[in-house]
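The following pair of complexes shares a single chain, subunit A, combined with subunit B in the former and subunit C in the latter.
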Partner chain A sequence: MNNVTTQTLSCTGITKTYGKTEVLHGVDLTLEKGKIYGLIGRNGAGKTTLLSILTAQNPATSGSVVFDGAKVWENQEALDHICFSRELNPMTSLGQNSFKVKEYLRMAATYYPNWDNAYAERMVKEFGLDKKKRIAKLSKGMMSMVTIVVALASGADFTILDEPVAGLDVVMRERFYDLLLENYTETGRTFIVSTHIIEEAANVFEEVIIIKDGRLLMKENTEELVASFAHVSGKAEDVDAATAGLECYRAEKIGRSKAICVRTKPGDSIRKHTEKYDLDVEPMNLQKVFVALCGEEKQEAQFA
Partner chain B sequence: MNQGMIRNLKYQGRIMGEMLLYTLLTAAAMLVWQALTTPLSYLAANLAVNSVLFLVFAAFIWSAGCFLAMHTSYMPYMLAMGTTRKASFAVCQLSKLGYALGIIVMGLIANGFIGALSSEEKLPFTGSIILLVFCATIFFCSMMEVVGIMAKRFGKWGMIAYVIICMIMGGVVGGTVAMSGTGTLADIAQHLIHWSSGNGLLFAACGLLLLLSALSTLLCWRIYRKIEV
Partner chain C sequence: MNLNLTEEKSIYLQISETIEDDILRDILLEEERVPSTNELAKLYGINPATAAKGVNLLVDKGILYKKRGIGMFVQTGAKMQIVAQRKSEFYEAFVTRLVAEAKSLAISEQELIDMIHKAL
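What follows is the complex of A and B.
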């Protein structure tokens, strides 16, 4: 395998079919070492399926996943560099949920070659986890804490967290982001965090990956993506004129007014298009960008 | 040996060690129960006869629990923590072997220790019996592994099939004991073993058990190699 600085985890042409339903359609994705990626998508978009295929936990129907040029499937050397800490399901009393927290962590220590036991113990203490408690008996937030402990203590070069903040209160969510950044700064590991609480995590994500309906919609630098979007509102004819030729999303029409989300190309500025008109132009945040890209188009409001 | 195998040996080896301990404790509990409910004059003879049988029963109970849980609990989690299917499956098969050998060792110890308490004829834990217990343990573990992977793959229908099989087997065994007129499973087992070891059928039965175990292992691998976590 290549030296540490050039490691990549990538997939090509990944499709996944369950019965007659294709849930992933030809996904191509490359993840580089030393970044924090945010993976966002609506429920059922295929995020967890993609992540499980990237980590060889599920086989793809077609396509390939490689780590540093070597296939990941059934390749222990490649898998040693990857950790996928999955969301624990509180509804399942079998499987890993029948374990006690200490058994779960002991298993992690056995299977992850770079496991940092001291770090894990410190986090267990910090989170106030009762190691003797069965996972099935933990609250949703506590389950999330267990997955966070496993992910951060695994020491894997590519660490994936699926909904790590589900069930956590706002204080613990902030603590998680701090721990993530601390770990990232110290180790330079790659983290891929899948979350629905987008705006909180946006500051942490260097790049954002958006999955829509089983397809990779985009993978871009977070700041640049957000900066390229703007929310334009005003008289409908002025909005239409100002945004002609631009990528437009989620138009809302109320009477003679119109509001729309607009994306400009790199180097372009929305102000250049709107300065001739009396329009409100507001920046957008990542959450609003995501809703614009993946939400349904709004119907025109009707007033009697 | 690659790292994947070593990690699985460490983890699954620990599980098997725990299973052997629980098996021993269960067999000991059955012996204690028998000791408390048997007249003193028959105590030593009964313990001598039943020590190995109880061990075998306990082995079946715990192997059922363990290998049923192997594919519903342990293996998915091993896969989730980055082991390969080949390594985890291979070590699972070695675990069966280790477990069966552990039962044999415990049986020899029990047979020697408790059997020494009595001069009465005991269920001889020798050559062909050892082979039979070994093959039966492997077979039983394999069957439970099949049930476990069916439960993992097909959900509740796998478990329903397991319950139905248990009901049928329990009925067959219970009916056989009732109709034999001798009254105890130990007596039936002794008669069957004495009869079959004399005419080579015992060895054929052992061969069949191992063949069925091998076929069930192949079936499990076909499902496991593409299992989704």
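What follows is the complex of A and C.
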């Protein structure tokens, strides 16, 4: 875990057009080895498209993806190090997904050179997966468990999980993050996890990548990003005076009071701006930060 | 170790404060090994980098020290150091806030002092 390497997976100028619609508008992103990244974005933001392009499962319209200095497209040597455990669907483009769980796992075993079969078997048993069942017959949660087994057992240096907790109950979701952290601390592999259940995962992500409307909005240390935000509320004129000139989101006015989300620049602190006023300053969590950045601006309440 | 992390404060600060609290309460003794970054990560379900940030904060303060290849240990004198530091923060963290709240409730100086006596 402590060996320093420069292994990276990066993309530059990625665009993707489906028909006449451009869904990614020039994404530059570099992922370093040995980190757990969280990928968040609203429905249709382009997360899965970006992930499938990063792993050469989907060609970009323009731009390039490079692993360790070499192009990834049709480069088996590079792809041996990269795992994209896609969300499973009961239907494929060829009709019903009629593979049995054991067949799906066997395919994964042949595809990933570092596949750990004993580990995969252990997880299948723990999750109570019936290997003889066909993928199409599995519940949504069971399908997620299969994708988790594939991702963790793949042994790939860069492993991408697309919505691994979709359909899982809260106990299983917590178990998944425990397994992920356990595997990560033992191996130092890189994981990229996309999820809509943000708050549960926030403490697991060293860095968070936010995609908005087909663009990379930010890639930041999770802790620092969350700490740079604050929720400020109080008398409207005091809130306005204290937050003037700051990056503000989602202002909400009710009568004489106003609440607003504020982001301060590195080295600045919200307290410096608010200490002269009688205001409530509350920390925010990653989910609230995400809503501030990616949610619709609130309509001003017509009241008072 | 306190297992209930809140959202009120940065996780790494909560990690370092929890270790300090355990030293204050003699749950962790001086010259004793503290849980490793990976153990803390597993215990709290947090990224090991965050746990390391909390632990390193205490190394920088001289409350913990590293023994190469073995782990992190509580420095001799750590408990006294934590007490001294918390005392110096006490005024800012508790007294000024107490007085501010008392003022906004129009509690008089004498009333406030009487309340403190009562609580003692």
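The rule is simple: the second predicted complex is superposed on the first by the 291 of 304 C-alpha atoms of A that agree within 3 Å, B and C clash if a C-alpha of one lies under 4 Å from a C-alpha of the other, contacts with A are read in each partner's own complex, and residues count from 1 in each chain.
Quick note on the criterion: contacts are C-beta pairs under 8 Å (C-beta built on N, C-alpha and C of every residue); 3 or more make two chains touch, one makes a residue touch a chain.
Not measured: the values here are computed from a predicted model.
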item: Room on subunit A for both subunit B and subunit C (clash or fit); value: fit
item: Which superposed partner A:S269 touches (first subunit B, second subunit C, both, neither); value: neither
item: Touched partner set for A:T6, first subunit B, second subunit C, both or neither; value: neither
item: Partner chain in contact with A:T110 - subunit B first, subunit C second, else both or neither; value: first
item: Partner chain in contact with A:S62 - subunit B first, subunit C second, else both or neither; value: neither
item: Subunit A as apex of subunit B and subunit C, Cα-centre angle in degrees (nearest 10); value: 150
item: First, second, both or neither for A:E182, with subunit B first and subunit C second; value: second
item: Winner by number of subunit A residues touched, once subunit B and subunit C are compared; value: B
item: Gap in Å between nearest CA atoms once subunit C and subunit B share a frame through chain A; value: 27
item: Shared contact residues on subunit A - subunit B and subunit C; value: none
item: Sites on subunit C touched by subunit A in the complex; value: 5, 7-12, 38, 41-42, 44-50, 53
item: Residue ranges of subunit B in contact with subunit A within the complex; value: 2-4, 7, 10-11, 72-73, 76-87, 226, 228-229
item: Footprint of subunit B on subunit A - complex, ascending; value: 52, 55-59, 74-76, 79-80, 82-84, 86, 94-96, 98-99, 107-108, 110-113, 156
item: Interfacial residue positions of subunit A with respect to subunit C in the complex; value: 35-36, 174, 177-178, 181-182, 184-185, 203-206, 222-223, 226-227, 283, 285
